[in-house]
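In what follows, chain A forms one complex with chain B and a second complex with chain C.
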Partner chain A sequence: MAGAGRTDTRLVESETTETDAVAAVAVGLSAVLFALAVAALFGRVSLTGSLLGVQTVTLLGGLLTALGGTVIAFGVGSRFGYVETNPDPSAGLIAGFGAAVPWVVIGASVASQTLGLGAGVGVVAGVATGAVAFAATVLPREDLGSTVPLGALLGVTGLVFLTGAIGPTWVWELGWAQQAAITAEFLIPVSTLFSALYGGWASAKAYGGFGARGRHMGAYVLVYVNALSIVAFLFILVAFVVVQGIPGLLNGTEFGFGTGPTTSVFGVSVALPVSVPFLMNGVALFNDFQGVLPAIVGTVWLVVGAVVLAVPLGVGAALFLTEYAERGRFTQVVEVATNGLWSTPSIVFGLFGFAFLIPRFGNGKSLLSGMITLGFMLLPLVVITSREAMLSVPDEYRDASAALGVSKWQTIRSVVLPAALPGVVTGVILGVGRIAGETAPILLTMAGGTFVPGSQTADVIGGFQFTSAPPFVANPELLQATSALPYQLYALITAGVGASSNVGNADEFRWATALVLLVVVLSFYAIGIATRYYFRRRLRHT
Partner chain B sequence: MAQVTDPRDGRIRSAVGEQVRRTKRFADETEPAALAILAVMALSLLGALVGFLAVSDWTIVPFAAFLASSAVGWVRYQEETAYLIALMMTVSTILILGLIVVFIFRESIPVIRYESATVYGITVPGLRMFIQPNWDAVSPPIRYSMVPMIHGTVMVTLIASAVAAPLGVSAALFLSEIAPATVREVVKPGVEILAGIPSIVYGFIGFTVLGPWASDQFQTTGQGSYLFVGIVVGLMALPTVVSVAEDALSSVPESMKSGSLAMGTTDWQTMTSITLPAAFSGVSAAVLLGVGRAIGETMAATVMLRGVPRLTEPLVNVFYGQETLTSIIARNYGEADGLQMDALFVAGVILFVTVLVISVGAQYIEWRMHKRLGGEI
Partner chain C sequence: MSENTTPRTETEPQTETATTGTDQPLTTTAGESVEQTRDEWREYDFRGEAKMTVEDLDVHYGEDHALKGVSMEIPEKSVTALIGPSGCGKSTYLRCLNRMNDRISSASIDGSVKLDGEEIYQDGVNLVELRKRVGMVFQSPNPFPKSIRENIAYGPKKHGDLDTGLLARLLNRSDAEERDELVERCLRDAALWDEVSDRLDDNALGLSGGQQQRLCIARCLSVDPEIILMDEPASALDPIATAKIEDLIDDLSEEYTVVIVTHNMQQAARISDQTAVFLTGGELVEYGETDQVFENPRSERVEDYITGKFG
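Moving on, here comes the complex of A and B:
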């Protein structure tokens, strides 16, 4: 090859485009298999049925075998010089481990189950098979090493499906004390899924002509598939909740003047032009449509209370840490403490609220305890994000202000805080989104009742009273248990079947509650992310 | 020993001396009236704290005094008042952590005493919670063992880490090194939103959709398996891993990466041989924090598990899900009182300590990495 002339090179180039096409087809085939496996896993494609006139399992097996054959053919062709590639001397240890893992599983299960030799022999056989696969990957030149073991894996899987050794009705009883079995419905899609990933990896390497470029292609295919799956997962999740929740949410919705409940705005009573009973009613015996108004109001008050407590505390602490304190032991301790608070499990906050706050606020679950518990949870997040925002204010600003001869506090108030405001606001909004959906802390501190009547909607502002005995100010609204959306959903789930007697269709009611909760939380996130974009764009313009 | 401790002793003494000098200087430079108001603020807030801890109805009085003195201070000596208030707020964050420690430990003491066990003639408080696997709160002998819950938490965390670590690190690589700017602007908020979906919604979907499906697929009796709780919890821990690992990857200096690219390597070679090794400790801190999230995840586990505190048979049977440290608290707080409630607090203590150790460890790793990368440039 070293002495290859000009014409020779051109010939080789035209050849590579054809083989490129073969490798690209192999990548495409892997993508098809991946999609089929996911569809089969969620029952969108029936394993017992047929697809394109062929039995599904047979089709999967055929495709897998074809893919495996292509991959091996590519590698062998490259080794014997029919395909122009730039392979390295070895496929590398990581590829070796990657290929060894599925072979260990196959070797172990075949030896221990199919041949019935027992667990001990199975382990030995698995390790041996894995070692062979590892050696077959690492020892030969890269083009053989990264195709043959994986191609053989695909071929074996495909043949097992083709020959019907694992058919749609195959079951492996595990024989454990707590009964469990691995069925074909699970094994076939999952093994197809992993095989497709391995096939895609190997054929992407081949497409890149092995060597550094080939590995680059192979890795990028996997990384892109992963990123795409995460985004797809998010969309499916949200779409699923929306689709399930819409019927319950819009139950009995009416549009038109005077249909909605009457509210007073600045002393003038106005009838809303829309009525959504699910959002505007509580649960009552004589309601046509039941709703979750008390939970929504409870969530709003919870968020307000947590923000009122945590934001001043957090911003003040961040201010002290960035502007006043010198870096040293003290700031380090505070940093470790805030990060520790941030990762403390939410249920521990709940326990703390239960032990610390409840005895101090009337010995019962109360809205106030819930607010303070969630405020404690929000606090570290506010400290961390405000601190980042303040640290990102350039020191030139501070110096310029100090050069004018103003005091430190004036600099902070009129230079640092305004400049850090966007970051602080974004952080607070995202933090609020996080705590608004928290169930565990309010479970122990605030919430009670599965179905809350509309009359129990918390009216905090109207609840303040002055008393003659200490503590002189009282607010029974703050001191009684109420509901919030996440708790309501939890209570509905645990209430089980018995729930349906209270609300017409319990399932619809639950999904609608989940949808409302999701909308509330995600709208905080949407606002937070939008604020960040807005400020960033404005910063870029000026 | 004496020689070793002496210099440190001296350092502490000089640090304390420095603090005293600074305070004195502050006192000398500040007007007496301002000092008086600051003193009133500090003392009244302290009084309010003490009153609150002592469950006194009169707490409101010192608190009102604090508010009044702060108002006066704010109008007349804004500079000093702002400083003091900021300092107090900083102290309060440490105070909260301290209060959590004190209160959850204090509540768990009785059951630790009850569950004492004798080993080699020495009575070890709380040991019996870890050497036998029985949790029975109703019929004697009443035993509160943490073993089944620890087993459950370990199973769920292992599975969750197996899901979250590879997917999360790969997604972080994608976001920080591979994705074009426009794609990143879509995927990054997507990951953030994933973090925002409430755990109870995950749990609800797991309970209504995944649970029945899984029990069908694996032919188990009833629904609830560590396998699927682990997968769901792993997906919930994913955003934490992604965002922390992405921070670590993008903190690798650009000069290192471009130096490698200038040698003619592919992007992927640069990532595997420069970026990932340089950011390795940061990435492992990300995985650690993800593990911390998985350990503390409550609602999804509570809703999806069976709620029977016992070990699965055999121990590796991931197709059955009994109870974790978090879910036993969420499930039993309602009817529990006395010793059983205290036992729930023990579960809380185990969770709190484990996660705190993980968090501090991750911070130490991150700190070391920043120091090293900072030193190398």
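Moving on, here comes the complex of A and C:
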């Protein structure tokens, strides 16, 4: 009922109208398309197969065309006053650039590849198409500008799929020296994904009735999709590794009394009621099933050693820098140096360990060298985050403590450190996440082969010995080469596991190793997050 | 004030520096009147002893001359209000009285501050002891993120007066009872006991702003100070909480010497026994009995300030 050019807005929105419902359906359709595209990208939906009795590509094409048509119809209807909206005079430059980008790609590809006019013409055609899309977005009133170019994009993509111009078996040979080709398996999901995003953006704007509210809706949809896809990709990655890794992990698993290996708990020998050979065995000639126990234990000890080394040093350094040192050139130099150290490539740390530590600790790769190398890697992050955490402790606490006549060190110990602890723990969590998955330094300082025998499982606690001569305590276990999960995974992939080796299924073995690595790293995360939660709670609600 | 006569000569160079300050409104009226007012306030005679004696106190923050030759005597067991516009140096002055300005590296302090006749700006002053005797309450409530009990026991614990640590508990020497008595006494003195007695182990940050400020006062009382410095303690609080703090200050002045900085002139008039007016530039312009300062100020600038014409 609103005439074209009417700008005033009703204070109270009328109930949901049919047109609102249409826009909402369009938003929903975009969401469905987005989900389908992601599923197809990860091979969860087969492009050659069919969905709901329709061939997948045809279904995608049909949905895209329908969405494009709806979006255009909504825009045109609004322009001619059949739909009540509050559009601005123009969709704006950013929307113009947004619409121009896909049209540049389409124009260039069609001119250079489909029509075979060569690269130069392709560039010109791409720029021209983009310019038209830009003008079509920016020049007309917002309801037309933000729907027609995007609706047309959806329509073109959909029709290409519908007509079979790009079908499930389509391949584009790039013709480079290497064998490189863009296949339908990649192109169809990706173009559907982007089209769905654009469709969602346009229909969300339409649902909001264009104008300020429409833009808010459009931005909301984009931000929401962004956040959702981050979570989704993380979930997909973890799920992928779990699904692939489970068979290898459970290979030869037995339940039942006395099936597991025998361990001694407080001097009493107990046979575990469960046997998971992958987690409980090393590699040996007579094992029925091979496992990665030495690598698991190696990883855990590595991280523990690195944390024990880096946390006191790092927190101490941060304390000195924030509480004692005069802020000036010296602290600036230290700050730059720590930041630089944090961005130093890990292989450089590895080389340092190889050249400096190994000759000093038994002249061979050892767990101790690995721990120290990783400790040095962790150190800068602990310094940086602890410093941030201490700087964010309000000065009021320090003033209050000083006004009670409490000395500086006591203030630091009882007020500053407890308040900074959650931040320090966060830094350690981040750092552990990095070093636990680090391969290069371990390669040079600690690793001992692709297949690590069970006898090489580091028994650090049991390894301590007292000697009569200085240094009075020795631990040969720390000086032994062992393995860690990231290195083991790397070695399995590069050195390969032949069919003749006694590892049953090489692929399963690798995926299971990856899964165990993931679980170990995530467990460290969980410990860190629990610790942080505990300290935060103590600060907030004692 | 027997010793008042001797330092009077020392104030002479001070008045000179004040008169050389060219663009101050007061000096344009008459350099002479400055001298007169100063003489008069130094003769301000109060009952009782001078708890703190400040003479010729100058504070610089780098190039900035924040406090210019302030001299003043603070009587025992009374409330002294410091008023003046923002940036006039009254908080700086307050922070000089327990050497909190030492914590600002750019601050340089000249002059003399005596506590019970003992100079606090000299080598060998035990800052721990000084700050135990001269406590401080800050503008915004700043309880530690600990329990209410811990907040109050914090000072005495750190000074070794209370030992409730693991070792003390193991050796059966824990001072838990003494601590609880101390917590109750301080909270009662700060008029907070009735409101929090059933949740002493809750985090202090869960209290309301006014309760937090009274907790800070209680925390300040826990180390048994003789003087309590308050830096606009009620400026972040609502009128009801402010009224409670004011009542509390009134009660505290029976046992403690209270020096309070405030922006609120009505508040100063309500609670203080004597008032010192600082004006822009870091000068102490008038100091005297509160009624006299508010009803019959000697300085025109102070009258303008109090009646709202200036500042």
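Quick note on the criterion: the second predicted complex is superposed on the first by the 428 of 542 C-alpha atoms of A that agree within 3 Å, B and C clash if a C-alpha of one lies under 4 Å from a C-alpha of the other, contacts with A are read in each partner's own complex, and residues count from 1 in each chain.
Operating definition for what follows: a contact is a pair of C-beta atoms (placed from the backbone, for glycine too) under 8 Å apart; a residue touches a chain by one contact, two chains touch by 3 or more.
The structure displayed is predicted, hence computed values, not measured ones.
**Q** Using the touch definition from the top, say if A:Ser523 reaches chain B (first), chain C (second), both or neither.
**A** A:Ser523: touches no partner chain.
**Q** Looking at the overlay, does A:Glu326 come into contact with chain B only (first), chain C only (second), both, or neither?
**A** In the superposed model, A:Glu326 contacts chain C only, not chain B.
**Q** Would you sort A:Ser392 into first (chain B), second (chain C), both or neither based on which partner it touches?
**A** neither
**Q** Return first, second, both or neither, reflecting whether A:Val415 touches chain B, chain C, both chains, or no partner chain.
**A** The answer is second: A:Val415 touches chain C but not chain B.
**Q** Please indicate which partner A:Asn226 is in contact with in the superposed arrangement: first for chain B, second for chain C, both, or neither.
**A** A:Asn226 contacts chain B only, not chain C.
**Q** Classify the contacts of A:Ser407 with the two partner chains as first (chain B alone), second (chain C alone), both, or neither.
**A** In the superposed model, A:Ser407 contacts both chain B and chain C.
**Q** A:Thr114 in the overlay: touching chain B, chain C, both, or neither? Say first, second, both or neither.
**A** Touch status of A:Thr114: no partner.
**Q** Taking the superposition on A as described, I'd like to know which of chain B and chain C A:Thr48 touches: first, second, both or neither.
**A** neither
**Q** Of chain B and chain C, which one touches more of chain A's residues?
**A** B
**Q** Please write out, lowest number first, the residues of chain A touched by both chain B and chain C across the two complexes.
**A** Correct list for chain A: 407.
**Q** Within their complex, state which residues of chain B touch chain A.
**A** Touching chain A from chain B are residues 52, 55, 57-61, 78-79, 82-83, 85-90, 92-94, 96-97, 99-100, 103-104, 106-107, 167, 170-171, 173-175, 178-179, 186-187, 189-201, 203-205, 207, 213, 216-221, 235, 238, 265-269, 289, 292-293, 295-299, 302-303, 312-314, 317, 319-320, 326, 329-330, 333, 344-345, 348, 351-352, 355-356, 358-360, 363.
**Q** Could you please specify the touching residues of chain A with respect to chain B in the complex?
**A** Answer in residue numbers: 43, 171, 174, 176-183, 185-186, 212-213, 215-216, 219-220, 222-224, 226-227, 230-231, 233-234, 237-238, 240-241, 312-314, 316-317, 319-321, 323-325, 333-352, 354-356, 359-360, 376, 379-380, 383, 407-409, 412-413, 430, 433-434, 436-440, 443-444, 469-473, 486, 489-490, 493-494, 510, 514, 517-518, 521-522, 524-525, 529.
**Q** List the residues on chain A that touch chain C in their complex, please.
**A** Listed in rising order, the residues are 326, 394, 396-397, 399-407, 410, 414-415, 418-419, 539-542.
**Q** Could you please specify the touching residues of chain C with respect to chain A in the complex?
**A** Touching chain A from chain C are residues 98, 100, 103, 105, 127-132, 135-136, 138, 140, 142-147, 150, 154-155, 158-159, 201-203, 205-206, 216, 219-220, 222-223.
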